[in-house]
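Below are two complexes that have chain A in common, paired first with chain B and then with chain C.
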Partner chain A sequence: MINEILNLLGSVVLLTAFFMLTESYMHSLIDAVAFQSVLIGLIIGIVGWEKGIPELVILAGITVAFRALLIPWLLQRDVRKERIWRGREIKTTHHAIVLGLIVAVLAYFLYLPIYRAISKWNGVIAFVLLFLSMLIITSRRNALAQIVGYLSEENALLYLAVMLSPMPMVLEFGILLDMIAFVLLAVVLGAEKRYGPLEVEELVG
Partner chain B sequence: MNPEDRILIGLVQVTVVLLLSPLMVGILKKIEARIESRKGISIFQPYYDLAKFFRKETLIPEGVGPFFVIAPFVAFGAMLTLPWMLPIVGNFPSWLAPTVDFFGGTFIFGLAAMASILATERTGSYYTGIGATRSVNFGAFAEPVLIMVFFGVAIITGTNNPFLMNHRITAEGWYLSPTHILITAAFFMLLLFDTGKLPIESHGSNELGMLDQAKGLEYTGPLYALNTWAGYMKSFILMAVFLNVFAVPWGLATSASLVEIARGIATLFLKMLGLILAFVVVEETLAKIRLFRIIDYLSASFLLAIMGVISFLLGGGAP
Partner chain C sequence: MEAVVYLLAIPLIATLLPLLSERLGRAIVPGLAFITASIATDMLIRGYTVSSHYFYADWYSMVLATTIAWIYFFASLASLYYVERVERPFYPLRLYWSFLSLFALSMIFTAVVSNLGWMWIGLEATTVVSAVLIITDGKKRNVEGAWRYMIIASAGLGIAFLSVVITYSFAGTLDVRHLVLSEKAGAVVGLLAIVGFGTKVGLFPMHGWLPDAHGSAPSPVSAMLSGTLLPTALLVYYRLFKASTGLGKEAVYIALTVGILTVLVASILMASQRFVKRLLAYSSMDMMGVATIGIALSYYRPGLLKLVFVLIAVHAFAKGALFISAGSAVSRYGHEIGEINGLLKDSPALGYSFGLSALAVTGAPPFGTFLAELSILGVALSINRWWALLIGTGLLLSFLALNWHSAKMLFGEGKGAEFQRGEELIPLIMTLVALGVSLYVVYLALTGGLVI
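And then the complex of A and B:
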């Protein structure tokens, strides 16, 4: 039963990643990552409850508080205030979906060596999510969307760590990544507000 | 199960599909009208319409060829064949069921669609042409979703049989598995597309919102009635398959006794009402998406279906 619930939550997490890959409005993108963080928090909480590890339950609470409430709230406030984020990225959705599916299948095959080493299928959804988030970061041109992809990648790492390894490492990684995310947020958002949208395309040769 | 019972359940299913399908359309329209603060038509209005069209004369446009007349009969006949091979009232195979599997059912749906598309070819009407080309165009994107859903069914059951799918889901705890839930969601999106519900197709005076509906505009009299009735039956059969194979696979008749059949029909009616309420919620909350976004919609449902199949392989988010 618990197994099925976790599988279902994992599948929905992957669907949110696909949604983020194709969504073009910033505010619903942020809502999506908040929803994904809630799901990740739920998964961590259920695993913690099942294994009887109080740290994991606390970590679930922290995840929900920071990734699902605080960071999305900050970003939403910024989106409402600044006109820069009003624009939408126009792209064809079905292309992004096909690309995402290819990446997902690729990630599945890349997980096979890990499976041979530890003979557990637990981490595979998180592994696929990791690659999908990477695709979000690379395929987007908008800094806010890239930050959302980064948050999703953090979620994937946390998910992977909870599924594969024992406890304390996870907490440290989580805190570390949160710090990095805050620095990124501050720097990138500040720069974009001052200079307008960053011309990432010009970096491509 | 002896052959008489199998023939009996087939006959019951055909009768139910034939007689109840206009009622479901009437109920849907009535509920929508009530929500929009209109009085709405009687729920029996589709029957009155059909009766009226059967009494009217038939006018056939010049130079349409024989296929224009044949097509409604082909479509109607296909819809009379399908209840023999799908679980609509009873959960045991009726007489013709062993002859085809899920794909066979799809081919018969395809036969009806092909007939109605070919019939529009030489009518010379602008709107039928638009309807036919659009439905072919988007049908090409809907078909992979259907096939992927069948792959999901095949993964769960090991066969391609709708009756077995019904048994497997109720008996062996497949109901909550992600494969089943994602496939059900994909099939629901496909159902909205195939039955012409709102995010895809808006009915009414605006011909530009039509896809499938526009194909029948050139028909008059009994031919129009047959065509419309076949459309009602198509929606009814698809909804019954969605309910009995995917969403709510419980409460079907388990034998051909009178009590069981009555119970099966009653539960089917109740489940259908529930599904209609879901349709009403979708239709009243969503606006029609633009024409070229339909492909995005279908690719999203394809994504759900393929995720269902993949999640069977991933099968392990558990500690």
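And then the complex of A and C:
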């Protein structure tokens, strides 16, 4: 029963990743990652509750507090402040969904050697999610969208760690990853104050 | 309490105190860095190692920690001149001193802890701290370089995290002393580790962040990034490499392939560079490729590993000297190689340290890097002569590329640029340290104190 719930939640998480891949409005992109974080929080919480590991329950709380509430709120505030982004369609590749499917299938095949090594299937959704998140990061030129991709990647990593084997240090990992998200956010906000919205361009040389 | 704690406690003090005021940071950070480096050197000479619950430091960790501490000291000295040149800092400069110490602290921490998870955390922390250091200058290109660095490095460390998770779910522990992986798991972990941690090392094809980050970082920070951060990531990779080659050989071939490709690609890219600091960044990538090859070949000849760490130490000092002297040169002449001319005439000290260090990081005798590269070639030749041919080609190309550019900058009429005494002295001393370490190693090799 619990496994079925976990798998159901996992597939919804994957759907949010596909949604994020093609979403062109910043505010709904941020909402999507917040929703994804809630789901990941639920998954981590359920696993922690079932196995009786208090660290995982705390991690679930942190996930919801930071990645579903605090960081998305900060991002939304920033999007609202910058008039350019209000309703602005950031450049998404329209074939992103196809690319996403290809990456997902590729990730599935890349998981096979891992399966052969540790003979566990339950990490595969998180593994695919990891690759989709990296695709989100690399296919976007906009720094805020890349932060959203980073949050999704972080979700994928913690999800993977919890599903494969509840590790002893997973809480510390989670906290550190969140701190990095805050630093990314601080850098972007600071840079925006100076130069306006940040688009990553090719550097010369 | 283990003595290794001092190596962490002193940089921690140097992290906290500068938060009070910038002048305090300027006054105490170089001093505290010197104390850290002296303690580390003393421990290294006494042959100190530790293996406790929290810490595991063998000779390799201690070589690395000592190198980190010394580069930290020289970088903090060079920072005294750097902070005067910053016009519009991104954040208050007292934070610069604090972050510089925190950067050294997180690297030493990564080198001496016993747990793979903590190593990963330490490396991830270095990413954040060094990225923040890169944007000190507050120019747009700094922010972009730092941004790309953070995004790529955290994606890479995500893969590295995966290798840690799989290691744990297979071995049931994260303690680096007790890691044993089966043949299949070894291949998977070996591949994920070289992709993941290799991103931080700057190995091909995950090197995209390296030239931007090094090119836009303040010179003292570039020196630390290049000379010490890359080897720190390499040490973590080595721990996993050792675990994953316990029962299978796949990881050896993976590391060898990536290492050889890195050397070849870096040496080709070096030849076509326009900017000094990017040139030096590619040279670091080249050296890390050589070190990776060395680690891979240490599977066949374990003694080779000692020379790899000699190479890392000599490279750290020489590359530090290169970056710091390049930083001074760039502020007088300009960023492009073509703009720098007659360095030897304008400032003999800077010229000599740049020229000699360029020879050192490309493996010219009598530097320790030469000995290491020669042994790597020798071992490769004894196993497969095609490997040796590829490695040799890469080494030769990079030697020609870097020294050709260096000669263009060194000789010529000069532009009458003037340098402060300290700016000239710091790289010169670093070059001499590289030379001293090299001569000592050569002496050991000749007297039979160093057998591989």
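Heads up, the rule we're going with is that the second predicted complex is superposed on the first by the 186 of 205 C-alpha atoms of A that agree within 3 Å, B and C clash if a C-alpha of one lies under 4 Å from a C-alpha of the other, contacts with A are read in each partner's own complex, and residues count from 1 in each chain.
Criterion: a residue touches a chain if its C-beta (ideal position, glycine included) is under 8 Å from a C-beta of that chain, and two chains touch if they have at least 3 such contacts.
On a predicted model such as this, the values are computed, not experimentally measured, just so you know.
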Chain B versus chain C as contact partner of A:Leu185, first or second or both or neither: neither
Which superposed partner A:Leu130 touches (first chain B, second chain C, both, neither): second
Which of chain B and chain C A:Lys120 touches, first, second, both or neither: both
First (chain B), second (chain C), both or neither touched by A:Gly10: first
Which superposed partner A:Met26 touches (first chain B, second chain C, both, neither): neither
First (chain B), second (chain C), both or neither touched by A:Leu160: second
Chain B versus chain C as contact partner of A:Gln146, first or second or both or neither: second
Contact residues common to both interfaces of chain A (with chain B and with chain C): 120
In the complex, chain A residues that touch chain C: 113-114, 116-118, 120, 127, 130, 134, 137, 143, 146, 150, 153, 156-157, 160-161, 164-165, 167-169, 172-173, 176-177, 179-180, 183-184, 187-188, 190-191, 194-195, 198, 200-201, 203, 205
Touching residues on chain C, where the partner in the complex is chain A: 90-91, 115, 117-118, 120-121, 124-125, 127-128, 131-132, 135, 138, 140-141, 143-148, 150-151, 154-155, 158, 161-162, 165-166, 168-170, 174, 182, 184-185, 187-189, 211-212, 215-216, 273-275, 278
Of all residues in chain A, those that touch chain B in their complex: 1-11, 14-15, 18, 22, 43, 47, 50-51, 92-94, 97-98, 100-101, 104-105, 108, 120-122, 124-125, 128, 163
In the complex, chain B residues that touch chain A: 176-178, 181-182, 295-296, 299-300, 302-304, 306-307, 310-311, 313-319
